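Listed next: structures, encoded as structure tokens.
In the two assemblies presented below, chain A is common to both, partnered first by chain B and then by chain C.
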Partner chain A sequence: MVAFILRRLGVLGVILMGSSFILYNLAAISADPLADLRLSTDPDRDAKILALTRELQLDVIPPLRYFLWLRGVLGIFIGQPDFGTGRDGLAVLDSLALAIPVTLRLVAAATLLAAILGIMIGIVTALRQYSRFDYSMTFIAFLLFSLPVFWVAVLLKEYLAISFNDFLREPNIPFNWIIGIGLASGLFWASVIGGSRKTFWTTYVVAFVASSSLVAVLGMTGWLLDPSLGPIVVLVLSIGIAFGVTQISVGLGNRKALGASLTIAGLSVVAFYPANWVFDNYASALNIFLMVCALITTSVFIGLAFSKIDRAPIVRTTIITGVLSANLVLIDKFMQTWKPYMQTDAINYRPVPTVGERNDLLNSPDFWISNLDVITHLFLPTMALTLIGFAGYIRFARGTLLEVLNQDYIRTARAKGLSERTVIMRHAFRNTMIPMATILVADFAGVIGGAFITESVFAWSGMGTLGLQAIRGQDLNLLMGVFFVTATMAVLANFVADLLYSALDPRIRVGSGA
Partner chain B sequence: MKFTRSAKFALAAAASAALAVSLLTPAQAATRSTVVIHHTNVQTGLNCGLSTTNSTVCTDQAALTGMGFNYYNDKKELIKNTTFGSYKVIKNSKTDFRVQYTVAPGRVWSDGTPITGVDLLLSHILGSDTYSIEAGLGDPASKTTKPAFNGQGYGSTYHKNIVGEPVLSSDEMSVTLRWKSPIANWDLYGPGPAPVHAMVLLAEGKDGLQSASANLAAKDRFLAAYKSKDTALLKKIGKVWSEDYTITTINSSTNPLLLISNGGFIVESAVPKTSMTLVVNPKYNSGPKMTGSIDKIVFKVITDGTAAVQALSNGELDVYSGQATADAVAALKKITSVNITGGEQAVYEHWDLHYDSVEGETPYTGVFSKNGGAKAKALRQAFLLGIPRDEIMEKIIAPINGITKPLCTSWVAPGTSAYDKICAVNGSAFYTRGTQESRNKTALALVQKFYPDALKNPIKINVLVPGGNARRAAQFALAKANLAKVGFELVGDVQSGWGALLGSGKYDAFFFAWVSSSVTQKQSCSVLETTGGSNYVMGYSNSTVDKVCTELDVAMKPDLLVQKYITADRALFADAVTLPVFTHPGVTAINKDLKGLKPAPLSPQLTWNYWEWSY
Partner chain C sequence: MARKSKASVESTEVLSGENAIQNKEIEGLSQGQIVRKRFFRHRAAVVSLFTITSIVLIAFTAFDWKIFGAIKVPGWWKWTPEDLPELRYGDCPNDTVGCPTISLLPKFLGGQGIGLGNHPFGQDDIGRDYFALVMRGTQRSLSVMVVIGSIAATLGVVVGSIAGFYRGRVDAILMRFVDFMITIPVIIIGSVVGYRYGNLGAVFLAVLLGLFAWTGLSRLVRGEFLSLREREFVDAARVAGATNKRIIFKHILPNAIGVIIVSVTLLLSGAILLETALSYIGFGVVPPDVSLGLLISQYQDSFTTRPWLFWYPGFFIISIALSINFIGDGLRDAFDPRQRRRISKKERQDSATARKLAQAND
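Presenting the complex of A and B:
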């Protein structure tokens, strides 16, 4: 294993060197940093050209200059990396250090959401192959696939930010909206659940009534201005989560797992008030992390307490249930923050922003308000990236699952008399995840350097902005800095994908043989 | 799937229960006290006097943080800031012209240190090549080494006309400058205050605000160093001035000495390429009293035009000042919560015809060359007549700011009585008389005198077209279409690096704009003066014009000035070498609730009267 990893890392190093050498030379030949100075009519033009030549070592030919650059980069190994200085006078390393977290924040949530949603919908479409739901999702997937992000961004801003904020001034949901949302939700759930004509219409009516009345009640109570879940809703939802997670992971027949899940779900609600007390008085990222640790430990103990044999799946189920229902408490806290957040001077009842990473005017020391501000600023960009990204996952997950379902071992599993849940979740889904894992990792790496347009339309200054600045300003050092990060991410992602592959697929053994 | 539906029911039930207790909160708007200003360019630092930091966003921010003896208002009038101090001519002879600048007592920097005449002395170090050389700070004209104060002020009017060094009065509140002669617009070249005590402390490595006595002692150390030309200390201060003020990241850990200023606002924080936040300066007393209600101003960088317009309509911006295109204006007009001010910028678009070879460029021998005599002159006249100025105004400019009349002189701005007076008699009537149809006829007659079959075999005219600019491309297309009717075929050479090609013998005609950053008597002399014009591109030389340009170096009365402009214009129009077209339109959209913000044509365009802003 160690030999394999070392060998792979060595190959990655060679790839990085080779690609950076080629790119350095291409960029150095194509871009002339002195171009604007040559055209200048400045009296001290020659002096400036001289100074810049000296500063950027332009008198050394690019293939050799590459090694000067490389020497600085190799400083990583002695803890003193030197990526040179950009044309704006800032050290490239500093610029990168500022840009990387911004880009990570922008793409991390979007990639994850796109993957989760995409895989979920993809699996449902595969299970309901050639149904109305399958066709409509295929249609939507292709529609989203073909949309350019800058256009989606403009639409989202127009409707979800500007119009929604205007609506919040007087949040009375009009009657036709209540009916419309009900109709759409009815159609969605009825299509997902499928079944006979009778089930279809029953589901349709139930979903329609439920959604419409929910929307109506939310509108009438002014819930949008001061939302919250409260302990009762948290409890009900937690119980739902306990049943759902147990059903999907081990089946409701496993009474011990159900018992453990319900216990942890109940505990989450019991912890509602103490948790809120901590949130109000000792809010910090560290404390929340500690609470998550405590939660997971508790879950493990409850899982162990309930089970005697086959413990691992039960503990796993308990942890998932615990994390999900504890999330509700966190979501509730953010909902409670919504009203004070909107009341701040900086937000002034227009909570959904269209640009930026944070509100420059909001100077709140409150942990929840400043984090909610980050979330509202992430909302539209994440949504735009998710909408465009998840179409691919739908198609990919659907195709992979269908292929797996046609395999002989699935037929064997069914022939053994295993329940449909076991066949799908244990035999089919896991095998579907193998190829998904590889594209997920590669996708993430690609997105790090590739959110150029999204960053620009949402006025975020991350890696994309930096790359653009480097290309426009003929800034070789900066360009190489951006390239180095992106390329490293790409090769590392491939490496991680390989390791994941071997972890997920029992047929592949890393390091055996050669 | 089942639980989700039941969850919805549960949610509905819980929400209904909540109905009893929750009260519907009416959304009421708080009174705002902040202004968010949009900029398309990133902040460049706190010192705008360096070549790398000189930008519109820097001057807008500098106007908020610094107040001097005068400023431009939105009518391009230079207003004296009598709160800060006063200046008066104390000797006025042809060879000895002295102006005394006095700081009013009690003015303070944002750290409470009193502002005195000592703070005005840095201007001399930044403007006088002589001082820089004598103090061992380096020769600013040197091509190999940078001066210690690596600014843009050297080699300018100040250096060329100052005599000796400024004299500090015994109470240290006044500084007297002596000029060679009563130079025109001398009030633009006066000194400005700089927090020299902060620079000394920074040069000495202090990293926080100091006590009042330490500040005064630092100021004395500056004065001593200035007087004795103490190279070591001045070099250190120069390093601070040139390098330390270029920061773009500002937060609570930034050295507060760097932020000391005397304007109504002080910089509080800045995120590179994203935003800069300024808060009200509680000790401000260097300018007009704050009558408005603004206590925070944010400059926000949004490079994407559509994103900025949407942010404006979402209330995230209060002031939008982006590219003035017809599309942008149309989008802005749809937003009901903002007022749009059209207005004009101090940028003048004009067409120039090549007249003679320009020194240092390839020789010019084309059809417009002065060697062509009467024939060339007729062709120049015909060409200028054929430029469809009315159509250009109507199609390119009017949709933005509604102005339909082309310029008839570039010496003074339209809308003034001087402008009307000049236009009436300066010879521009030849190019405005009648309609474009009738002017085309006149032009065609002029061309056909020498080229009878010009309509069949048009005369090729090489035009340098500035690239990367949609408005100029449209302008060229209109000109090309109309000039084809009078026997010219325009061959456009689109170049993005057009600035360096101005004056090249390859081209018969140029069209571009010159930007004025201040109102001076000489204005367009930069394109006309045979000797020393920085925009001298036509090779045009006319003793009358040169004489006028020389005379404009000396301050003169408005009436006489108008006469000089008329004299120069007459010569120009008679020789048919240049024709002004339009002033560039500006577009600013301002939150309807924000009162008092009046965009000005000259920099600082947005922030010149921040003390009047209010909601």
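Presenting the complex of A and C:
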């Protein structure tokens, strides 16, 4: 196994060298860093040209100059990587160090969201194959595939950010919107749940009434200006989560799992005020991390306390319920921050930003306000990337699940009388997740390249912007730095995907015959 | 006679009856006929085929064509992108200028009647007819797409089939090269190349981009060749004394054509999105030439006041890409032999009654 990993890493190194060699030469031939100097009428033009030539070593032909660059990069192994200097005089390494976290934040949020939504919808479409819901989701997936990301981004800017900010000034939800949202949600839930004509219309009416009255109440109480959940709503939602997670994970028939889930859900509500006290007085990332650890430990103990046999699924259910319902408390805290955040001078009641990855004017020492600022800035670009990305997940999850559902072991599972939930969640879903997991990892790397356009539309100073700046400024070192990081991530991600595949799928053994 | 009896034996063996319906449908048809039949059953694909054909026809016949510099074929649209008609003032909403004159609401519904008007998509800042600009942009984007697609398809098929058929050292060298190329994101290569050579014209740019877009396809074709060359019919051909050339072109390629066609359509829709994205960030087609991405990039700031400058080019990009994706989907269904059409309730009943009748007759 170790030998296999080492050999693969060696191959990856060779691939990285080969591709960087190709791109270096291509870029060196295409770019002419002296172009603007040649056109200048400066008296000491020739001296400047000479100086720049010496600085960028332009007198060395590109294929050889590549090895000069490579020598600097290989310094990674002795702990002193040198990516050279950009034409703005900054070390490329420093520019990259600033840009990488920004892009990672965007890409991580977008990939995760796209994957979760896409897999969920994909599974529902597969279970309702050839239904109207399936056809409309297929159409939507194809439509999203065909959208240019810059076009979506501009639309989102206009309609979600600017119009929503305008709307927040006087948040009265007009009557036709209430009806419209109700109709849409009714259609959505009725198609997802499906069933006979009678169930369809019952679901439709229930969903219509529930969502339109919810929207109406939220609008009338000015909730959008000062949102919060409060302990009561958190309690109700937590109980709902406990039931839902138990049903999906082990089935409601498992009373022990249900009891454990309900206990942890109740505990998160009991912890509501203490947690808020910690949030208000000792807010820091470390403390939140400690609280998560405490939460998971408690969940494990509760799960163990409730179960005697078959412990793992019950503990798992408890942990999932615990994390989800504790998240509600965290979300509630962010909601409480919404109002003070909007009241700050930098925001001034226009909370959805259209550019940048943070508001530089907002100089708040408050942990929650500055983090909420990061979240609101993530809002639009993440949505643009998610919209484009999750179409692929819908199609892929649907295809994989359909293929799995045609397997013999599914027929066996059904034949021996297992409940439909067990067949879908235990036998089909888990096998669907094997290829999905590897796709997810590979996609993560792919989106980094795709964030080029998104970052440029939303003026994020991440890797994409850096890359564009490098190309516009004919800055070879910077371009190669950006490429090196992107390519390394892509190659490593594929490697991890391979390993993951073999870890998840017992039919595939790493190293055999390779 | 023998064939018929075989078919009837098969159909009695099949229990579900669905297979019987499917088998009966393709009885006695050639591969091409089966594919065509399956494709035309895919409603979305047929609609898309119609859409893309109309877009191509409308866009490419809009302006004058000169054949061999002598014969002039007049275009059907009254303006060209170079014309500078008077900018439309006055009767536009919110004091804007050059608003679209297209009207789709009939008179009896309170509209102005269905008609194009003088400037259906409005006018740009200096009064150029926006419909003419969008048509020129569509021409550019479509031709870039076709050039990228055909170059990438040719290279991908040639490299992939050589690597897959000959294996060994040739395969290793070619595939390592593909590994190198595939690691570089297309958008980076496109930007590097487009920034320098975009001003040399859209076709030149497209040729360059095509030279970098073939890698994914070549991997796919190689995989297909690797598995097909181990099949019995290839062995049979070789034993019968067929040359490599004959095996490749007569035996393997026709069997791989489904995979190739489907991925080429996906390549095409990727190509138009790539071209528009590059033009949008300024590394693709450059002014004074026109492309759909460039139009969006030039007028995105006027979105709030004159949204039509933004909507129409976007609408054409999406229509083209969406149609091609659907055609690809239809082709995939058509070429996939495992693909089972959904059997409608009526057909199932018909077949069940037919079987019952047959049993009663026995």
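Assume the second predicted complex is superposed on the first by the 510 of 514 C-alpha atoms of A that agree within 3 Å, B and C clash if a C-alpha of one lies under 4 Å from a C-alpha of the other, contacts with A are read in each partner's own complex, and residues count from 1 in each chain.
What we mean here is this: a residue touches a chain if its C-beta (ideal position, glycine included) is under 8 Å from a C-beta of that chain, and two chains touch if they have at least 3 such contacts.
Just so we're clear, the structure is a prediction, and the values are computed from it rather than from any experiment.
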| item | value |
| --- | --- |
| More chain A residues in contact - chain B or chain C | B |
| Which superposed partner A:456 touches (first chain B, second chain C, both, neither) | both |
| Which of chain B and chain C A:97 touches, first, second, both or neither | neither |
| First, second, both or neither for A:22, with chain B first and chain C second | second |
| Which of chain B and chain C A:50 touches, first, second, both or neither | first |
| Partner chain in contact with A:154 - chain B first, chain C second, else both or neither | both |
| Which of chain B and chain C A:270 touches, first, second, both or neither | neither |
| Partner chain(s) touched by A:232 [first = chain B, second = chain C, both, neither] | first |
| Contacts of A:145 with chain B and chain C, given as first, second, both or neither | second |
| Which of chain B and chain C A:210 touches, first, second, both or neither | first |
| Set intersection of chain A contacts, chain C complex versus chain B complex | 150, 154, 158, 162, 456 |
| Interface residues, chain A side, partner chain C - complex | 14-16, 18-19, 21-23, 26-27, 30-32, 130, 139, 142-143, 145-151, 154, 158, 162, 449-450, 452-453, 456, 467-468, 471-472, 479, 482-483, 486-487, 490-491 |
| Residues on chain B engaged by chain A in the complex (per definition of touch) | 1, 3-12, 14-19, 22-25, 27, 29-30, 32-34, 36, 52, 141-144, 146, 155, 246, 248, 271-275, 277, 296, 298, 300-304, 306-308, 310-311, 313-316, 497, 499-500, 534 |
| Of chain A, residues touching chain B in the complex | 35-36, 38-41, 43-44, 46-47, 50-51, 89-90, 98, 150, 153-154, 157-158, 161-162, 165, 168-171, 189, 192-193, 206-207, 210-211, 213-214, 217-218, 220-223, 225-226, 228-230, 232-233, 236-237, 240-241, 243-244, 339, 342-343, 345-346, 348-350, 352-357, 360-361, 456-459, 461, 465 |
| Chain C residues within the chain A interface of the complex | 44, 176-177, 179-181, 183-189, 191-193, 195-197, 269, 273, 276-277, 280-283, 293, 296-297, 300, 303-304, 310, 314, 317-318, 321-322, 325-326, 329, 342 |
